[in-house]
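Look at the two complexes coming up: chain A is in both, with chain B in one and chain C in the other.
Let's look at the complex of A and B:
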């Protein structure tokens, strides 16, 4: 549903509360968990950008890994090999994946259904193969390690080597991206995306240039996936060809489906729950993926609208019975 | 017949072949402004194919289509929509997961040129007002917050017409609006259509002869993709050839 009133206040409250908790947390947890949460923020960004094209526009793209990997390599190579500053490297980690997503999208959005899925996988595979083989430039599967200079914007300066500084830096950018996407899906442009998801033919018949708007969604998602990759490398100080592998896209798919597609809050919840589950299980189980797989199958069968969908329908029932 | 300068749609020698089959065979057709033109013909006569050509869903094999004196033969569906042709489908085509309000909204909003990603859609007061007035017109105001797939089938047909009308078309193509309705429901629908569609230029594809005879100003009869006869309902009713291929003895 795309047009609802009066929920802004509730959203601002919940959003501020969550943000406040994450701002306060580093004072209570050790560096290990600060890094874990920073990584979680990155995956949240990756998942919500995926939700824009999958949950809102209806395009199941497994090509997002390509843009994630490209963002990651853009940051790494700009700093390591070209000596660029972090600000510029991060900006490029949005722009370069966007250029590539224009290219990939140009060919992909003409296709629909399974054909779209397959062509996006193929593009990501090509990226991965290039990454694996062009070792002089990418470091191949060993990857590249680097050390980012501080991020400077006017008087504002963040030392990214400092784990806490890096934590707040990533948190801020992910929160901003979330607000940006939330506004977008509520905007007139977002309504176009949702119309396309709901019925492409109908959207076309009422005058929407479906391919163009799919491409726009693809570009925005590609840029934000790139930013996620860029932040990931800034956090780990590392990039590798495996980031380009299409299965990286699978993370976003799992988080979005478990949490609830087309909700933005869903992928956030999904990422939080699945990553925490994996983190917890890894202590006494090797096959964590198996458990995640079972959770995924369970959700698809029992709650196709994800956790957020479950909560919404519970609330609705409460409202109806009240 | 009204004079030719009021012609809004003109098909010239239009052909559509699927492999060896000529689904639309050298069709010449003129629709006048304000007219309700019914397209009838046996199953497979090419009625829906003809609508698909007019609305850009299919490309013609040869021939030309003029709308408001400009050629639209090679335009895409979305461009044709902006030229002023809207359409409903034989199988209802809605944004089925969205509310009735949102369905109409999407169509009203489509007339805008730029979709700002940084404002809330509901800030568009003019779109909101137009959406409300369309809900009023279609009589779906009370059901505005229902998910459109939860509507009765008849209401879904009405909603689809509402969506088409919300694009402010100069020509509305209706593909079997009463398909799937029983005769009572058809009558209700026809009554609503009279209300909603007064003054509209319409091409109506319809199987229900009662509906056609009641609503149409003129009828074109298609047979094997070609126009067999054309004229006001009374003439068509009396036409021997038409009787033979289509209406059958029950209508004679």
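Let's look at the complex of A and C:
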């Protein structure tokens, strides 16, 4: 009990420290890096929502791009074509992908292992083809551009066209989502997810309705992926059919594997490191994904628990020798 | 109309046979090693790209058709021995690892070969009369070569020592080890064959489609569909499924937009996955 309290105290300390750094940072960096960091926050959100289904529940879904793209289109179309206000559009970018993830999940969780991976790819592929073909509605591969109207949120006036305003807005929502997911994986519900990952048959024998819990994890991840897509569109003021392609899910896979799956902190670290690496490499290499691929293969083979796993085992060794 | 239908029919047969070769490679690797090779499409693409270089240097398509698969087979050995050997018993991990390998191959080709698509001229430029239209003879030759390769593969699996070993390992790995079958060698040979088949079909497809670093992406998905509809580990099923799906797509595209035909094929696959995960032709 005491240990647990100590742990969560340490977490609050580190979390506030990191948050404080990110709140202060825009005063020291130029607009280019502010945009870069905003995009990083969005991918972090996408990666931690993926970590919930892959890292915690053990379901490798390459279909998350579908929900990311849907969220991004929900925001874009409801502002551009329906004239909705920004906060409502963003709310819808959680709800609509959740409805779709209920549909996709309903069928997908009936399968497991490789079959699950493939069926999620297929669903995303159908979404991508529809997005590419139905150009009157989606703009196809050219995409749609829009500008989000400013709105009031309690005491704050939020203007997302202002880069700094956009930065703080995305940071706040991603930080809240992180806390929400952390709370969730530590709750009894989260323990059921982990038990499914560790041994599905045993979880079923204990009496849990495994498919229902998988569906719950899939729904939450779908909603948060949608939010990530919505925020991405609000940041770029743009949505395109390519966001729906299953290979977009690869981003979340890479960040989660490099950082360490089933840790939440891992995907954050992974996204930060991989995106910084890409950003640095783009100066003298056309194919930045080359390095990303090499890093991914290396981590899968050498450190399957990711960077967080490496750090943890280092700390444990130190404890043991002390 | 009749000539359009005939051309669509012939195209569907040719493309179906090429897809069958790709799917056979994917399915052999899956049936034996239980690895879903996400890099299979990239190996297909690599075959076509290597062939393009070989044709630039030698000017001969047929040399490329033999040498490019050998080169890609070498890449396959490196993949299997160097990377996948240690994680072969973890299917989900191998999916992620081969996804990474796919990225590496694609991006390496992008760096060296460039991003713009290139063409390989058909080595047999003749066309023959098909009702009111002309049809390239090369495509018929491609179909015949594909059939010959499949017959050769059948003989290899049924009549040779390695083929027998492979089938034994698929049936019962533990027993095969117990009987002294060199399982690791069998794995390696399967991977070599699978990679070479992917590259071989890449070279065969090159005069029909254009060669670029992304050409394997859609083919990979089609190969998945074929393997699942035909049944995982069921090689005959893959061949039938490849031709069937190619027919439905090709002839269907005459009547509905091709995108819709693809969506229907994908939806059909979801139904197969849900209700007959062992494939349409499995027992």
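Methods note: the second predicted complex is superposed on the first by the 314 of 322 C-alpha atoms of A that agree within 3 Å, B and C clash if a C-alpha of one lies under 4 Å from a C-alpha of the other, contacts with A are read in each partner's own complex, and residues count from 1 in each chain.
In this section, a contact is a pair of C-beta atoms (placed from the backbone, for glycine too) under 8 Å apart; a residue touches a chain by one contact, two chains touch by 3 or more.
Because the structure is a prediction, the values reported are computed rather than measured.
A.B. asks: In the superposed model on chain A, is it clash or fit for chain B and chain C?
C.D. replies: fit
A.B. asks: When the two structures are laid over each other on chain A, which of chain B and chain C touches more residues of chain A?
C.D. replies: Partner touching more chain A residues in the overlay: C.
A.B. asks: Tell me which partner A:154 touches in the superposition: chain B (first), chain C (second), both or neither.
C.D. replies: So A:154 meets neither chain B nor chain C here.
A.B. asks: Just checking: does A:113 make contact with chain B only, chain C only, both, or neither of them? Give me first, second, both or neither.
C.D. replies: Second partner only, chain C.
A.B. asks: Applying the document's definition of touch, where does A:296 land relative to chain B and chain C: first, second, both, or neither?
C.D. replies: second
A.B. asks: Mind computing the angle chain B to chain A to chain C from the CA centres, in steps of 10 degrees?
C.D. replies: For this superposed arrangement the angle is about 80 degrees.
A.B. asks: Could you look at A:10 and tell me whether it touches chain B, chain C, both or neither (first, second, both, neither)?
C.D. replies: Once the two structures are laid over each other on A, A:10 reaches no partner at all.
A.B. asks: In the superposed arrangement, does A:83 touch chain B (first), chain C (second), both or neither?
C.D. replies: Neither partner.
A.B. asks: When the two structures are overlaid on chain A, which partner does A:199 contact: first (chain B), second (chain C), both, or neither?
C.D. replies: Only chain B is touched by A:199; chain C is not.
A.B. asks: Nearest approach of chain B to chain C by C-alpha atoms in the superposition, in Å, rounded to an integer.
C.D. replies: For chain B and chain C in the superposition, the minimum C-alpha gap reads 11 Å.
A.B. asks: Where on chain A do the contacts from chain B and from chain C line up?
C.D. replies: The overlap between the chain B and chain C interfaces on chain A is empty, containing no residue.
A.B. asks: Quick one: in the complex, what on chain B touches chain A?
C.D. replies: 55, 57, 76-78, 81-82, 86-87, 89, 93-99, 101-102, 105-107, 109-112, 115-122, 124, 163-164, 166-167
A.B. asks: Can you tell me which positions in chain C touch chain A when the two form their complex?
C.D. replies: 36, 83, 86-87, 91-93, 95-97, 99-104, 106-108, 110-111, 115, 217, 221, 224-225, 228, 257, 259-260, 262-263, 266-267, 269-270, 273-274, 277
A.B. asks: List the residues on chain A that touch chain C in their complex, please.
C.D. replies: 58, 60, 107, 110-111, 113-115, 117-119, 121-123, 125-126, 129-130, 132-133, 247, 250, 253-254, 257, 285-290, 292-294, 296-297, 300-301, 304
A.B. asks: Would you mind writing out the residues of chain A in touch with chain B in their complex?
C.D. replies: So the residues of chain A in touch with chain B come to 1-3, 5, 183-184, 186-192, 194-195, 198-199, 201-210.
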